[in-house]
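Both complexes shown next keep chain A, but they swap its partner, so chain B is in the first and chain C is in the second.
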Partner chain A sequence: MDELLQFVITGITVGTVYALIALGFVLVWKSSGVANLALGQLVLISSWFAYGMLVQLGLPAWFGLIIVIVLSLMLGWIIERFVLRPLIAQPILSLITVTLGLAFFLEGLVSFTWPKSVAALPHILPDQVIHIGTAVVSMEYLLAAAISLILFVLLSLYFKYNKMGIAMRATADDQLAVQACGIPVTKIFSRSWMFACVLAAIGGILMSSIGGITYGLVHTGLKAFSVVILGGLDSFLGAMVAGPIIGLAENVGGGYLTPLTWPGVKDVIPFIIIIIVMFIKPYGLFGEERIERI
Partner chain B sequence: MDLPAGVRNFSYAKDMAIFRTKTHWAMLLLLFVVLFTLPLYLGNHWLNVANFVGITIIAVTGLNILTGYCGQLSIGHAGFIAVGAYTSAVLTNRFELPFLVGLICAGLLAGFVGMLFGIPSVRVKGFYLAISTIAAQIIIIWVINHWTNITGGFNGIAVPEPVIAGITFDTQGEFFYLIVAITILVIFFAKNLARTRPGRAFIAIRDNDLAAEVMGINLFRYKLLAFFIGCFLAGIAGSLMAHLMGFLSAENFHITDSILYIGMLIIGGMGTTVGPIFGVIFIKLLDKGISFLSPTLEGAFNLPAGFTTGIGPMVFGLVIILFLIIEPRGLAHRWQLFKASYRLWPFSY
Partner chain C sequence: MLKLNNIEVTYLNVIRVLHGVSLSVEDGSIIALLGANGAGKSTTLKAISGLLHVEEGEVTDGSIEWDGQRIDRKSAEEIGKLGIVQALEGRRVFGHLNTEENLMVGAFNRRDTNAIKQDLEMVYDYFHRLKELRKNTAGYLSGGEQQMLVIGRAMMATPKLMMLDEPSLGLAPLLVEEIYDIIKRFNTEQRTSVLLVEQNVRIALSIAHYGYVMENGRIVLDGDAEFLKNNEDVKEFYIGLSAMGIKKSYREVKHYKRRKRWL
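Showing the complex of A and B:
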């Protein structure tokens, strides 16, 4: 039973970070109806931004991270302005595939700018070891989960009380009505992309300061999709609940199934969950089932 | 706009024919002559490129039926190609079955795997389906990498040369004839599929699946049929690819390849027969051009070391984005415009 507790704690903490990345997806989906498949690449590129600032330029952590956040805000603005805005009101197929093109481009940009494929970030969070019961957990994991939770709460408050946040929710509900009220919809789209990029950046930095920067970060982004699918595409709460579930399934399942099946089963479990959810409850735990009319 | 002025038809069959004028037939004959004498002019390197172009055309035609006609986005096409490739490799290598059996089984198995992962498409669409095909891709590649005693795992698997009726296909030139023949069959099949009942059902489902269902189209049946046909062609392409390369490892079927297939389809033009041909040739030539130019450029301008590896994906991504923004109907649409204007020339009013 010793290992179970270990798996549970690691799973929940890692899953919370997945949930944070997934929130970025839900944000864009809710406000503009664009499915952002470049999520993994956004995580990857912002981790490399952090590497560039902290290691290559040698900036102090707090200052470097602020610059990374600013850079990812700019990245979000650029993506929305030059890639998504020309495609407003295009069919969903174009909106999905354009983010695939974006994913390709960002991946090329990463290997263009940072030719080495693996790098280590300095530990931003304290990494002393804590004993919880029989489990041994690094402080980093717990802090990463705490940061994700705090961001989730802040984001929820923003959407509940801030004027812009309310406008964003309204846009998700009915774009035409919002335009009639005089709210600039394009501004809301670009705001949501900027938020998504920042969330991907924070998630990426948290993941890569623990595990280093590898191409595997793209797969972290892909795992965030399973969080989104399980939680429901348009639900913040869903993402926050589904994140730890995916993390748990991945770690507990990986821990106990690896001897029974093949190594690496841990990385496939989130995708098997996607397929199962598709069969049983395609709109997720908290997702809104859309009823269509002709 | 498809025909020069003054062409009249006196029967339905003539009206529906693909090749309608003497010029059409002459052009077709010319194309065949050029195609079948190509090994005489091209060296081994370019023949290899032409072979891969042919194989990719088969794969993208499959994707076109699934995505372009039926509107079901699949980002797992490389995974389905891998299923075909490994089926053929395992059957011909480990069980020493003839090549043709391997080829057909590759298509069938890939088709059935595609249908399995296509089942969610009955209830969900758009992004949901895209994600479940990504999941399919990752699960398939994981199984291939770890089912070591069948697929060879990370060590890969050797694939014997194909033999049909005593003829061994072991040079690029001989392969070329095999691939050209199959590619022509596939294109002919795809062109005609679009004009049959299932083809029209696919188009109805793409345009509005709810309306299609109300009109009496069985969504479950036709969506799964689209998945089966699309993935069947992917399996055929995979089998040919396996035999052409002679050695398989799962690295050839990465998720970026799946994205690139979609890119080819977009650049060529979705929902047209010529689209996949244009798209594949465009991307393959672009790829060749980049890999030819980038080391020279890197040396000439003293560029950073990542230039050669990074420039390819950057250009492909940019081309996909630009095509979606500027010409979402792809090169096939431009080709139509060109044909129309050339027919009307010089009196274009």
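Showing the complex of A and C:
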């Protein structure tokens, strides 16, 4: 029983970080209807950005991280401006495929710029060990989860009350009508990509300051993908609820199944969940079903 | 004042849908643009509001002037900022936003927070029902309420020219009257010009000052509302009255078609 508590706590905290990354996906999906398949690569490249700033340039943590955030904002802007904008009004399949191309491009860029595939980031968050009951948890995990939660709340408030946030939700509903109101949709798309990249960057930094930078960060993107499928593609709350569920399933399931089956079963569990969700509840837990008045 | 000088509109570089349309909208007036399906009314509106660019259409000839300034090359966003706002056909509300959020989207380009609050009250004053529904999800409003919301959203931009695309579409006659009364009131109280696209000729001419009749991408007839209301061709082909002014009966054996005088 001892290990159960351990698995649960680790699962929930890691899942919350997945949820944070998933929020970036939901953002882009909600405003522009594009499924961003380059999520994991965005996480990967921004972790390497952090490595470049903190380790290679040796900047102090606070300053280096600000630069990483600025870089990821720029990355988001560039992606929207030069990759997606030329494809506006093209079939949705082209838009999704181009994000796949973007994924490979970013991956190539990473292995070109940082040929070593593994690196460690300095610990940014305090890593004392805390005992919760029988479980031993690093402070890092808890803080990472807390940061994710705070960002989630901020983002929800932004979408509920900010003018730009409301306009972004409106764009998800009807692009042409938004333009008829004199709102530049391109600005909204670029804003959502910038947010998505920042969220991926923060998620990436949190993950890699705990576990180091590996190629495995790309899989984090895939896990975030299963989070949005479970939570509903267009729901922030869904992502935030589904994140810990995926994290729990992965850690508890992985923890108990690994001795019985094979190592790495942990990573398969989120995908099994995707398949089950697609069968039972294709809109996800909180996904909006299309409103149709008859 | 808005002036269209002999504009031609072509979609995808090959499909020409407007063949030289000229019209003008004086400040503070209500202008009706009438015609059957496919006559080019909505295209004319989109040419003015700049939404044509989104649909791969282009003004290939002629010019559109707003207060002496050419706007036919400008984007929808710039045109919106000049004070021209279009309410699209078919009650296109933002279904997942609530009523008030929908209205606030209409005020996106404005910075004057206090005036926006006042205008929100003004819209609620015009459409009392929207006030009761302010927290309801727009997608679940009734058709009439959605149409009110779309018009209210256009009002929130404090336009100088409001273009309405078939506000009567699919609504009960009573509701149509109510909405038209409000459009008329808005026009007199706020001095906003209104360019009205309609198939319901009778109701449109009841509030318009001047009207244009379009067919096949051309304007075939124009005149002030009284003239159009009494024009035999308009009566016959658009209002459905026979030359005598009585409702047409299809029971009569001989109901040969009147030939349009403008052809």
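Assorted remarks:
One rule holds for everything that comes next: the second predicted complex is superposed on the first by the 289 of 294 C-alpha atoms of A that agree within 3 Å, B and C clash if a C-alpha of one lies under 4 Å from a C-alpha of the other, contacts with A are read in each partner's own complex, and residues count from 1 in each chain.
Throughout what follows, contacts are C-beta pairs under 8 Å (C-beta built on N, C-alpha and C of every residue); 3 or more make two chains touch, one makes a residue touch a chain.
Because the structure is a prediction, the values reported are computed rather than measured.
Clash-free side-by-side placement of chain B and chain C is the outcome of superposition onto chain A. More residues of chain A lie in contact with B than with the other chain of the pair chain B and chain C. Of the two partner chains, neither chain B nor chain C is touched by A:A146. Of the two partner chains, chain C is the only one touched by A:V178; chain B is not.
Within the superposed three-chain model, A:A167 lies in touch with chain C and out of touch with chain B [touch as defined at top].
In the superposed model, A:F112 makes contact with chain B only, not with chain C.
When the two structures are aligned on the shared chain, A:I132 is found in touch with neither chain B nor chain C.
When the two structures are aligned on the shared chain, A:W262 is found in touch with chain B, with no touch to chain C. In the superposed three-chain arrangement, the CA centre of chain A forms the vertex of an angle with the CA centres of chain B and chain C, and that angle is 90 degrees when rounded to a multiple of 10. Look at A:P86: by the touch rule set out above, it reaches chain B but stays clear of chain C. After superposing the two complexes on chain A, the shortest C-alpha to C-alpha distance between chain B and chain C comes to 16 Å.
Once both structures are placed on chain A, chain A residues 293 are touched by chain B and, in the other complex, by chain C. Listed in rising order, the residues of chain B touching chain A in the complex are 67, 71, 73, 75, 117, 119-120, 123-124, 126-128, 130-132, 134-136, 138-139, 142, 145-147, 208, 210-211, 214, 256, 259-260, 262-263, 266, 270, 304-307, 309-321, 324-325, 328. By the touch criterion stated above, chain C contacts chain A in their complex at residues 49, 51, 54, 56, 75-77, 79-81, 85-88, 92-97, 101-102, 104-106, 108-109, 137, 139-140, 143, 153, 157. By the touch criterion given at the top, residues 29, 35, 37, 83, 86-87, 90, 92-94, 96-98, 100-115, 222, 225-226, 228-229, 233, 261-265, 267-268, 271-272, 274-275, 278-279, 282-283, 292-294 of chain A touch chain B in their complex. Within the complex formed with chain C, the chain A residues making contact are 89, 163, 166-167, 169-170, 172-174, 176-184, 288, 291, 293.
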